[in-house]
Amino acid sequence: MRDLRKRTLSDILRIKQVSKFIRENKRMDGRKLDEYRDIEIKTGVVKKAYGSAYVSLGDTIVIAGIHFETGTPFSDTPDQGILITEGEFLPTASFYAEPGPPTEEEIELSRVVDRGIRESEMIDLSKLVITPGEKVLKLFIDFNILNDDGNLVDAAMLAAVSALLTTKYPNPEKVAELENDRAELKDVERIPLPIRDIPMTVTIGIINNRYIVDPTLPEEIAADALLSVTHTKNDEICAMQLLRGELDYNQLFEILNIVLEKNKELRELVLSKVGGG
Amino acid sequence: MRDLRKRTLSDILRIKQVSKFIRENKRMDGRKLDEYRDIEIKTGVVKKAYGSAYVSLGDTIVIAGIHFETGTPFSDTPDQGILITEGEFLPTASFYAEPGPPTEEEIELSRVVDRGIRESEMIDLSKLVITPGEKVLKLFIDFNILNDDGNLVDAAMLAAVSALLTTKYPNPEKVAELENDRAELKDVERIPLPIRDIPMTVTIGIINNRYIVDPTLPEEIAADALLSVTHTKNDEICAMQLLRGELDYNQLFEILNIVLEKNKELRELVLSKVGGG
Amino acid sequence: MRDLRKRTLSDILRIKQVSKFIRENKRMDGRKLDEYRDIEIKTGVVKKAYGSAYVSLGDTIVIAGIHFETGTPFSDTPDQGILITEGEFLPTASFYAEPGPPTEEEIELSRVVDRGIRESEMIDLSKLVITPGEKVLKLFIDFNILNDDGNLVDAAMLAAVSALLTTKYPNPEKVAELENDRAELKDVERIPLPIRDIPMTVTIGIINNRYIVDPTLPEEIAADALLSVTHTKNDEICAMQLLRGELDYNQLFEILNIVLEKNKELRELVLSKVGGG
Amino acid sequence: MSKSKEEYIRRDGRKVDELRPYSIRTGIFKNADGSAEIRLGGNWIVAAVYGPKEHFPKFQISQDEAILNCRYHMAPYSTSERKSPKPSRREIELSKVIKSALEKAVLLEAFPEMSIDVYIEVLQAEGSTRVASITAASVALADAGIPMRDMVVGCSAGKVDGHIILDVGEYEDKEGEADLPIAIMPNLKKIVLLQMDGKLTHSEFREAFELALKGAMQLYEAQVNALVSKVKEMGEIEEAEE
Amino acid sequence: MSKSKEEYIRRDGRKVDELRPYSIRTGIFKNADGSAEIRLGGNWIVAAVYGPKEHFPKFQISQDEAILNCRYHMAPYSTSERKSPKPSRREIELSKVIKSALEKAVLLEAFPEMSIDVYIEVLQAEGSTRVASITAASVALADAGIPMRDMVVGCSAGKVDGHIILDVGEYEDKEGEADLPIAIMPNLKKIVLLQMDGKLTHSEFREAFELALKGAMQLYEAQVNALVSKVKEMGEIEEAEE
Amino acid sequence: MSKSKEEYIRRDGRKVDELRPYSIRTGIFKNADGSAEIRLGGNWIVAAVYGPKEHFPKFQISQDEAILNCRYHMAPYSTSERKSPKPSRREIELSKVIKSALEKAVLLEAFPEMSIDVYIEVLQAEGSTRVASITAASVALADAGIPMRDMVVGCSAGKVDGHIILDVGEYEDKEGEADLPIAIMPNLKKIVLLQMDGKLTHSEFREAFELALKGAMQLYEAQVNALVSKVKEMGEIEEAEE
């Protein structure tokens, strides 16, 4: 379990170090408080998937892959495809990440990413319908943390969004003609996903009442609070999660302003690296 | 796990106290040996369910709720609806009741309640058929122990029976016309459940060779045996479970006579509070 | 868990004893190095199953039972029935065999037996089709280790093969006419399984660089390697599993020659006891 | 219901008060500390006992007495439809009532901080498996040399076509009007397992209970004989070895 | 959106800044160390607290502070379609965020090596259950006498038909444009739970947040009253007993 | 089968005795004590090693040697149909045979009471993943500085269209007549993993085995090179830092 409250002796020393730097408006890796680490984005890294992306934020590494299956729509949304997001920490990611059923941290992370995608209405799910009320496409976003050096939400969102932007999916009209969905789906003509928005998530850590962008794992442990905010391309807030800690009321609004800026920076970066939108 | 054999020092002291009272034909709470605690029954407590009941037997609190889904009948009973009973101790109920998969005590309790309802033929399951052999209604009885002060079987049966007596279920003829069962089932016209009997369960504890009705948790721990017997309204025995301990042959028949009396008392009480039947 | 590496003091003494005998080309139970223990095979032991066999190899006891259900074919083999093999150690088998989800040893054992049956093409799965692409028979091989005194692979294969050789299965043409598969399947006319081969598995242990056949549990613990090899009736190798340990390259080929001989012996024994083929 | 009790012949040819053919054997598994097999009509059930032995994990041990674990389980091939090997809710309930019954017989206080495991496997099921299981398990416990206050022996009675019958078979379980499985300690005359489903009047219940008692006493003899023949066999082996 | 904020009447008759009817009771369960019940519109939620108590297994204990466990769970009958009793991914996430919020209020450092269990059961759900749950849980903790830096109280705001509204009901949750559940420590003025979904501009967000704060302060009064009336009752009982 | 062994060209253009393009890198994950990546045709597999470290729970530790844990797992997106993240029976079997092979190479007796965890993740699968996995895992173990008797390197051979071929690709695995994955300790000349399915005569088997051996020796060179380049890089970094 990824338990940021765990305070071993070495954690405490690290926290002191981190705090000392932050008090001087510096960070241990030389970054400015509002600066992201180097961001690497590679798409199409897994050819077997319909879309995929490899993202590294410094030493944090995430891979996302997109798959499709046919299925029955939910009874309350007969004219919508189904979006499913499942994220796991691979046991390669850290000493704490052991194999087993998903932990509450993994479930929270998956659901935060899912809300970012879903609430921004990034994908037009009505375009995933094969026969209304009977058969639709299920879009699976699977992502994995391969190495954890903090800020998993931003990294996972970047991976999921980049994978989706470069996904080609089975044309539902052609799927309707299949005899054996399961065997033949992968050979159906593929068309680009109907993208309507590009949500971006920025997570802010509060250390010594200063706001830091893209916290590393030691910074997360040192932080008094961690807040993830997702914006649409039109600057609406579409998802928010206080991952940990407590905030003053005014801190919330100060953070929102920082996030709004960084979110634009990040979206431009993705567009330049991935295209789409 | 609810393990009545667990004998801490305080258990042992409690058992001695309980036994001392019983030897003098008294009980710690002032009741007579064959007297129930105050019984509170409220029906319709959960509007979201098709039927529900809140029952307290002294400090023992149980809630039961009734739900319906459509499903395929069992292959050996194509012309019968399906009855499913699942009971759980909520972790609010006691220090021993921890969250997790159902324990053997929870499974036994559920199955004893289920047999009481099923074997009395309380519900005419043939009236739950939508299309014979293809589609029927599944009737779910879910009950929860919210606080455990003993005699869970009687309390759970009272809750389940009271909830069923006041349940209105989706008219199968109207269900047959639905396009989307799952989404529309809850809006279908509802009619009263076809009730054929009102089973009642009475549990007797044996302490110092005396028979006590409606045992509290300390009395259950002190008891040498606990026997639950369910009767139909026609005084037939329809279910029986030796929950714990050992009985002499003659004790069995002495208990049956007590149970037969109490069962009538209890049924009248339910009818007066709930109506139906 | 069946962990052959577990080395208690009594294990170590036993290993020394076993090794001493083997160095003198003898075995503790008086057998020659290449000799099987007494093999008992009884078929039709469980009338409720479509086929069954009880096999004992000395004190190792295995029962296999064959069942059928209807189901949907896999998307990549629409014109083939489905073969499923599941083996478990019953907790009767040994002190280490505790109830619970299948261990890695149980899964390996099941899959080795499954490969022996499947890769030899023993059963003509195309004869298990009811409606191509839509409905086929699922053939379940369930086997249990009742007592473990080593060489479980050979014993389980003998039980599975003997059960299959004497299985009569529901005529798919008649199954096609059923209204309610689940309820009526067991009453359908039964015909012999379409048998095309009779695979046999022989497991060799290496102790002190000598090859021993049909190792007992103490011999397995003492062995440096355990190799299971399955042959078809035409002397082709159709499955192989290094269960444990390490082999020189030349040892592998020496073992293959021994296995080829023993495999014929075993096949004749089965044919004489069970018939078929 | 037109035929009298004496005339009524059951579907499998039995009279109302007749047990199915039965046999009990002990010492069937080499590894277990005790074991037994029962055949009762088409039922084929084996039981193995491991223990008394050290209990893990430590925090669960009881200072005063041994912990008895009990698993009743049906093999996938034991029924005419395949049964998933995963324990069902029914199997979990029966494990609990069988454990509860055996606990009254075993001198648990003789083995504080230890545990005793009883494993029952139904290899073929044909009605009344729970009582046949407890009968076999009790023999396996005795075979393991575990001290007991009394044997435990089970038997069922039921009601079919209006007749009270002994030893409920599979058809009678499915189609009958009532099923009453019991288990007793035959010398202490104590009931340790008692369940019922179906419908019985009080007088029918008494008749069924007494019939089940009679059947249990008959099976108790078979338990004793199985244990005696094992002792005899061992004597013969020892004599032969001398 | 044609109607002004003052005129807009919600489907259940409420004004935009109106809470549903609510009540909070404490001391509802005898066995628990603390307990509370909240009713908020159709929501019916109970919470029980066990602890502080020894923590098992030992290797998980924390030397510095108590471990807080928290389970948010919905009863199968709490929703209009039956909910499986097995915890869903949603329930696991909500358990985590509620735990995380309560941890900021409880003086965990007062009980090193111990654990405190908070169990929340939604008996009937009608929108905004997570914030009602945390409100009840906080009262149950106080009822258990566990020392806290402040109460925790939750409330939601949202956007429906273009209007920012207080205390999102079930219909508004499903059909509305945004949902913002928050929980605060009302005296310390700290946000301890904050989630959002839907779409809000920054100015809408500010309006919604301030509305939710206002609602939370109103519910905080009900928390205090519930605790005060319990103390009064106890006083009366004691007086009566004297 | 009309074409001779020399002429036969495989569907992906390879000769019968030709490996797919491959590369091995080490030190790819910062947190793990050792890590490696292998690409072999379309296979993309990573391995991480944690340990040696204290083993929990205590009652499982071995007094004499370290416990080696091993997990082989396929990512949901690694195959052309989505794979459930839950380990399948196939993955559990492969974890077991890979663990069994690595145990022969690692000097477990150097770390009594400790454990070593090997995690293998198949990010993209294209045939012969188990042998590629073991090849990567062995490099990750060496990268973690864990003492070993020898490297472990795996390779597969098979039979397709009547020809014995090296390094079975995905199409060849599905459509071919036999698959023979092996792993060896190349200096000690020991087989530590050996499985087979399909049908091979004894002489075909010998040919396939020898081909797989040859391939394994080629991949062993790549293992060594990966470890050497890492050492070189570190040297360069150190020089640069001086």
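Assorted remarks:
We just call them A, B, C, D, E and F in the order they show up, numbering each chain from 1.
Here is the rule we go by: a residue touches a chain if its C-beta (ideal position, glycine included) is under 8 Å from a C-beta of that chain, and two chains touch if they have at least 3 such contacts.
Keep in mind it's a predicted model, so treat the numbers as computed, not measured.
Within the contact network of the assembly, the step distance from subunit B to subunit E comes to 1. Of all chains, the one whose Cα centroid sits at the greatest distance from that of subunit B is F.
By count of C-beta pairs in contact, B-D exceeds the other of the chain pairs B-D and A-B. The mean-CA centres of subunit A and subunit F are about 31 angstrom from one another, to the nearest whole unit.
Distance between subunit C and subunit F, defined via averaged C-alpha coordinates, is recorded as 28 Å.
One inter-chain figure worth recording: subunit B and subunit F are separated by 58 Å, centre to centre, where each centre is the mean of the chain's CA atoms. Counting partner chains per residue, subunit E has no residue touching two or more of them.
Among all residues of subunit B, those that touch two or more other chains are 182. The residues of subunit B lying in touch with subunit E in their complex are 45-49, 52, 59, 61, 63-67, 69, 86, 88, 90-95, 99, 140, 142, 144, 146-149, 182, 186.
Of all the residues in subunit C, the ones that touch subunit A in their complex are 75-76, 78, 133.
Partner subunit D is touched in their complex by these residues of subunit B: 7, 102, 104-105, 107-108, 110-111, 115, 118-120, 227, 232, 235-249, 252-253, 256, 260.
In the complex of the two chains, the subunit C residues touching subunit B come out as 179-183. Across the interface of their complex, subunit C is touched by residues 64, 89-90, 92-93, 95-97, 100, 104, 180, 185, 189-202, 205-206, 209, 213 of subunit F.
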